[in-house]
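In the two assemblies presented below, chain A is common to both, partnered first by chain B and then by chain C.
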Partner chain A sequence: MSAAIKPMITLEEICTEAEKIRLSNPNLGDTIVSDIYQNAEMIAGPAVSKNSTDSRSWDYKLDDVLTSRLFGYPIMFALLSVIFWITIAGANVPSQMIADTLFAFQDQLLIWFELAGAPTWLTGIVVLGMFRGLAWVIAVMLPPMAIFFPLFTLLEDLGYLPRVAFNLDNMFKKCRACGKQILTMCMGFGCNAAGVVSCRIIDSPRERLIAVLTNNFVPCNGRFPTLIAIATIFMGGMVVSELQTAVASLVVTSLVVLGIFVTFAVSWALSHTLLKGEASSMVLELPPYRKPQLGAIFYRSLIDRTIFVLKRAIIMAAPAGAITWMLANIYIGEISIIGYLAAWLQPFAYAIGLDGFILLAFILGLPANEIVMPILLMCYLSAGQMMEFGTLEELRDILINNNWTWLTAVCTMLFCLLHWPCTTALLSAYKETGSKKWTFLTFLIPTVIAFIVCFIVAQSARLLNLV
Partner chain B sequence: MSNSTIEEHQNFLSEHFGITTTPGQFTVALAGNPNVGKSTVFNALTGLHQHTGNWPGKTVDNAQGSFTYLDRSFLMIDLPGTYSILAHTVEEQVARDFICFGKPDATLVVLDATCLERNLNLALQVMEITPKIIVCVNLIDEAEKKNIKIDISALQKDLGVPVVATAARNGKGLGTLRQKLYEMSTGLCTPAPRQINYSSEVENAIQQLLPKVSRLIGSNLNPRWVALRLLDGDQAFINSISQYLDFDLHPTRLQEVAV
Partner chain C sequence: MNTALTTIPLSTLGIGSVCQIVSLNLQGLLRRRILDLGMVPGTPVQCIRKSPAGDPVAYMVRDTLIALRSEDASQIHVNPM
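For the complex of A and B:
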């Protein structure tokens, strides 16, 4: 090293200057990357010669269609709709059969309890609370899950999901978030807690936080059955029977799309307020299309997902059923405890298009979204007159007898899609972010959005006299 | 290099990268995309003389192996498989920091012959950092099966660095690879790597920054490449460069740079 010392220059100074140049050239980072790619193309072009009978050429063509600007989104939407259509159409019959069997068994149970001389309260808690709750969870949730998860896993196995990520990458970039967020959202379709944990794959802490905070806007396993059930028995039920399934699957697809839209909106808002910054780019490999391994698909979707979710729902639903039955059957004066709580929530719930029972079910469902629907039904059933079970149409009658309108159904679905994450997801968010503040925001942002959206929908519908 | 600087470099390698070299041993970095048979090349070259650990302070595997060729010892460092070294992930950062600051005597970039174009991106990025690069076009047998023909000599001419076709699984091309590594490390080979042509917008930005960058870093690194990283606003790189070169971002502790 020589001794000549030039005037000092610091890295910081140069960084500031670089920053200035970058700000006047917002696409500089992208241009650098695309220049590198162009150079690679220029070099590879003359050096590589391919025979036209290349076996991979068909999948390039397929990629061109699946990820094209024109067809990318419609194909995505269509595939999603088809999956929901198959799920809803296919789930009706087995749901019915399971419901018939289980509720026939309930009558038998009641007879046995009577023969054994069990006190009314015991029969109530065990049969009408726990057993009925479980029966509903299984009948309403099992068939859709057993159809939906294998289909979704099939798409995963075929290699379609990375193409979805590719299609949506541009949108994420516009929201200044990371394209990998879509992969965490796909995990979120399974379970939001798993989705939150999977945000680790995003390297920028800022973008990771955005992904954690918005993961809840994709409906998880626990919420899909609720959405599918309401869409099937209520939205579908409003049109002629031939169209029921189609309408129901369109409704669910739209809800998912809305969830994705809200994800974008919130990501955009966060990167322009609390989490300011630029999007980083990433390399996404589109893996070759593979022949799906059916055995693995069934194992993964049925054992890992369906049974896992069902087990969790059952574990939560049995005690929740018992507690709900007690709350509904312990009277203070003329009104049951649940009646008091619901009445207390009623004005507030009414303002956002729900009723006191629905809001209460969502609150009691905080530990697991799977049990919202069962709790709600138990509230209605035990508070009102005894209903004969059997068909899904009767489920609809239960809801209508409790003053459900199409607006109630829409608001319940919206609330279900947008409301607070379950405790497991919140716990994961706390572990991943290590901050009470961000965990609280993970809870607060969806909650506020759910209330605002439902409020606007309910109030506008009422103002316009649509109900 | 004088003895004292060699010692300094050895200390630097062990401190920052957990790499211990014996005196006179060449270091070779092994880079490549995931799933291109990089590990096969690594195993084929080093055999059983390997040991694995972690990069200091990172949960990224660090595998090292050694081999001898023409009485010279080589220590090969298997970098994590990455698509680029623009440092978006910890793996990319580890790979880039080693190539950039670890100053290996040669960097071997393994490419997949069946998708050469995509793989070339990494090679081009490495060539921006160091001229001492050897390109290994692996899976050449797979490419032949798929009717893909690669003109190795044209590629070598275009890139300006040695290009070797291999089928590491069958041991094909490994002899040439060792020979090229030897020539590169001992300085028998003088590569003239092709530089990336950037569009005028990027080139203008580089020229604006280049004089100051050159003054700051001297001949330690390729100033064009450093300018590009700074223009990219690559915070990880800014942290690395200030750490490795012992610059300090804090304005009250300015360092004077001798040129």
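For the complex of A and C:
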């Protein structure tokens, strides 16, 4: 070699040079890796003794069932339904207990405020707005989350989720997306913001964007209580009471499946228009099944997830409760501000099977989906405070008194499933994509789809005189 | 021994069959990922199972179960054993 080697100046130049050398010999990388593995084998061979194949054969047997042609998909569906069923059935009683306690405390607060001689507006904003909003969110959200998250973490800990990706990858490939997208969707069940962040596990930038843009179509924990409540009241209400929970969980499961179907459709459409491209490669490791570590499950699901999501909801719900109370209690002439806004939205909302108040609640619920139902109830009750509904029957009465039909219920559930993501999810999308355009599309695509789907459902039902 | 005559793409391997990797006809990130998982030439690979839709397929490599799509597996040339 000649001695005239160009002097290097910057780190960047050194990297470029290194890259050039690496590329000039395409086998260099291979040789290095092979060598590393050879060395590792030499060390591991005599030092590591393998167990009998017992544990592996268990894995094989489990995989034979869980990823089989016949049972693979039905088992996924069944597991999802069972999780919802346990959540719905188990959350009722603790929800009721928390609600009773907190609302009892609210009465006490009212007395204290009165004794202190607080003005009515202050009592209204703090107790009837903020506290009541908080109480509602905690009572409705905490029990289902405390049941749903550990169950889901259990599946995760068992090693089942990679099998779901394995089962579904073919459909994602047909949509020219990545099978790991299902893992980000699973994350989205907990929280769409977390789901968006988890899209980092997808290697191809194009497929990652698809996953970010479609994550909102799996309902997050903030939307489950709304879906569960409406499903229990309207769909469960159609059958005998013993079957109510089962029917409600089936309805929620179907909604989730619909959301997954929409995810596929939108992924496919994006791959053929805005994000054109072929499916890239996918390497998925299927780890052995593990005995779940209960302590770790409870810690992860309760501290990391439940408390995290609840904290966020509380931070959002307190100011939202105050603002909603003000909107509902400041009158211009005969009608409150909320009344004006709802009346203005009414024709538009009616076209998609909702009413002005429902649409307004979804709009005001932009910061956090979990406050949509409390806001809606607050709107309905001209008393101007979020109603404590002791039981689901009382909620049912409130809704029916406000002209809810089965169509309103269906359209509200559909809109809840498909509509725009909350601000936290949008913020995460902005951080992950670093682009205003993609963040805007993350908002726009679900919004447009929600309006179109609800419009079609509402108009067809009315045309066919089903309502 | 003429390996060129006997190599087949990994994707055509039947379930339960064992083979040895001969060469990787892959580029870029995927090549790196595959190598990092220890799928270097000479490594024995066993085809374990297909997913319900027939694709991807799971292979046992160095005691690890790895699923590959057929497009990717077809670029890996192996010697059936």
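Of note:
The rule we apply is simple: the second predicted complex is superposed on the first by the 399 of 467 C-alpha atoms of A that agree within 3 Å, B and C clash if a C-alpha of one lies under 4 Å from a C-alpha of the other, contacts with A are read in each partner's own complex, and residues count from 1 in each chain.
The working rule: a residue touches a chain if its C-beta (ideal position, glycine included) is under 8 Å from a C-beta of that chain, and two chains touch if they have at least 3 such contacts.
Since we're looking at a predicted model, the values are computed, not measured.
In the superposition on chain A, A:18 makes contact with chain B only, not with chain C.
The wider contact with chain A, measured as residues touched, comes from B rather than the other of chain B and chain C.
Of the two partner chains placed by the overlay, chain B and chain C both lie in contact with A:203.
Once the two complexes are laid over each other on the shared chain, residue contacts for A:243 go to neither chain B nor chain C.
Of the two partner chains, neither chain B nor chain C is touched by A:466. Judged by the touch definition given at the top, the superposed model places A:122 against neither chain B nor chain C. When the two structures are aligned on the shared chain, A:456 is found in touch with neither chain B nor chain C. Applying the stated contact rule after C-alpha superposition, one finds that A:33 touches each of chain B and chain C.
In the superposition on chain A, A:68 makes contact with chain C only, not with chain B. Touched by chain B in one complex and by chain C in the other are residues 29, 33, 37, 50, 203, 280-283, 285 of chain A. For chain B in complex with chain A, the residues that touch the partner chain are 83-84, 86, 88-90, 116-118, 120-121, 124-125, 146-152, 154-155, 158-159, 194, 196-199, 201-202, 205, 208-209, 212-213, 215-216, 227-228, 230-233, 238, 241-242, 247, 249, 251, 254-259. Looking at the complex, you find that chain A touches chain B at residues 1-6, 8-15, 17-19, 21-22, 25, 28-29, 31-33, 35-37, 39-41, 43-51, 53-56, 203-204, 278, 280-283, 285. The touching residues of chain C, counted against chain A in their complex, run 24, 26, 29-38, 40-43, 48-49, 51-56, 58, 63-69, 71-72.
Looking at the complex, you find that chain A touches chain C at residues 29-30, 33-34, 37, 50, 59-60, 63-64, 67-69, 72-73, 166-167, 169-171, 173, 179, 203, 279-288.
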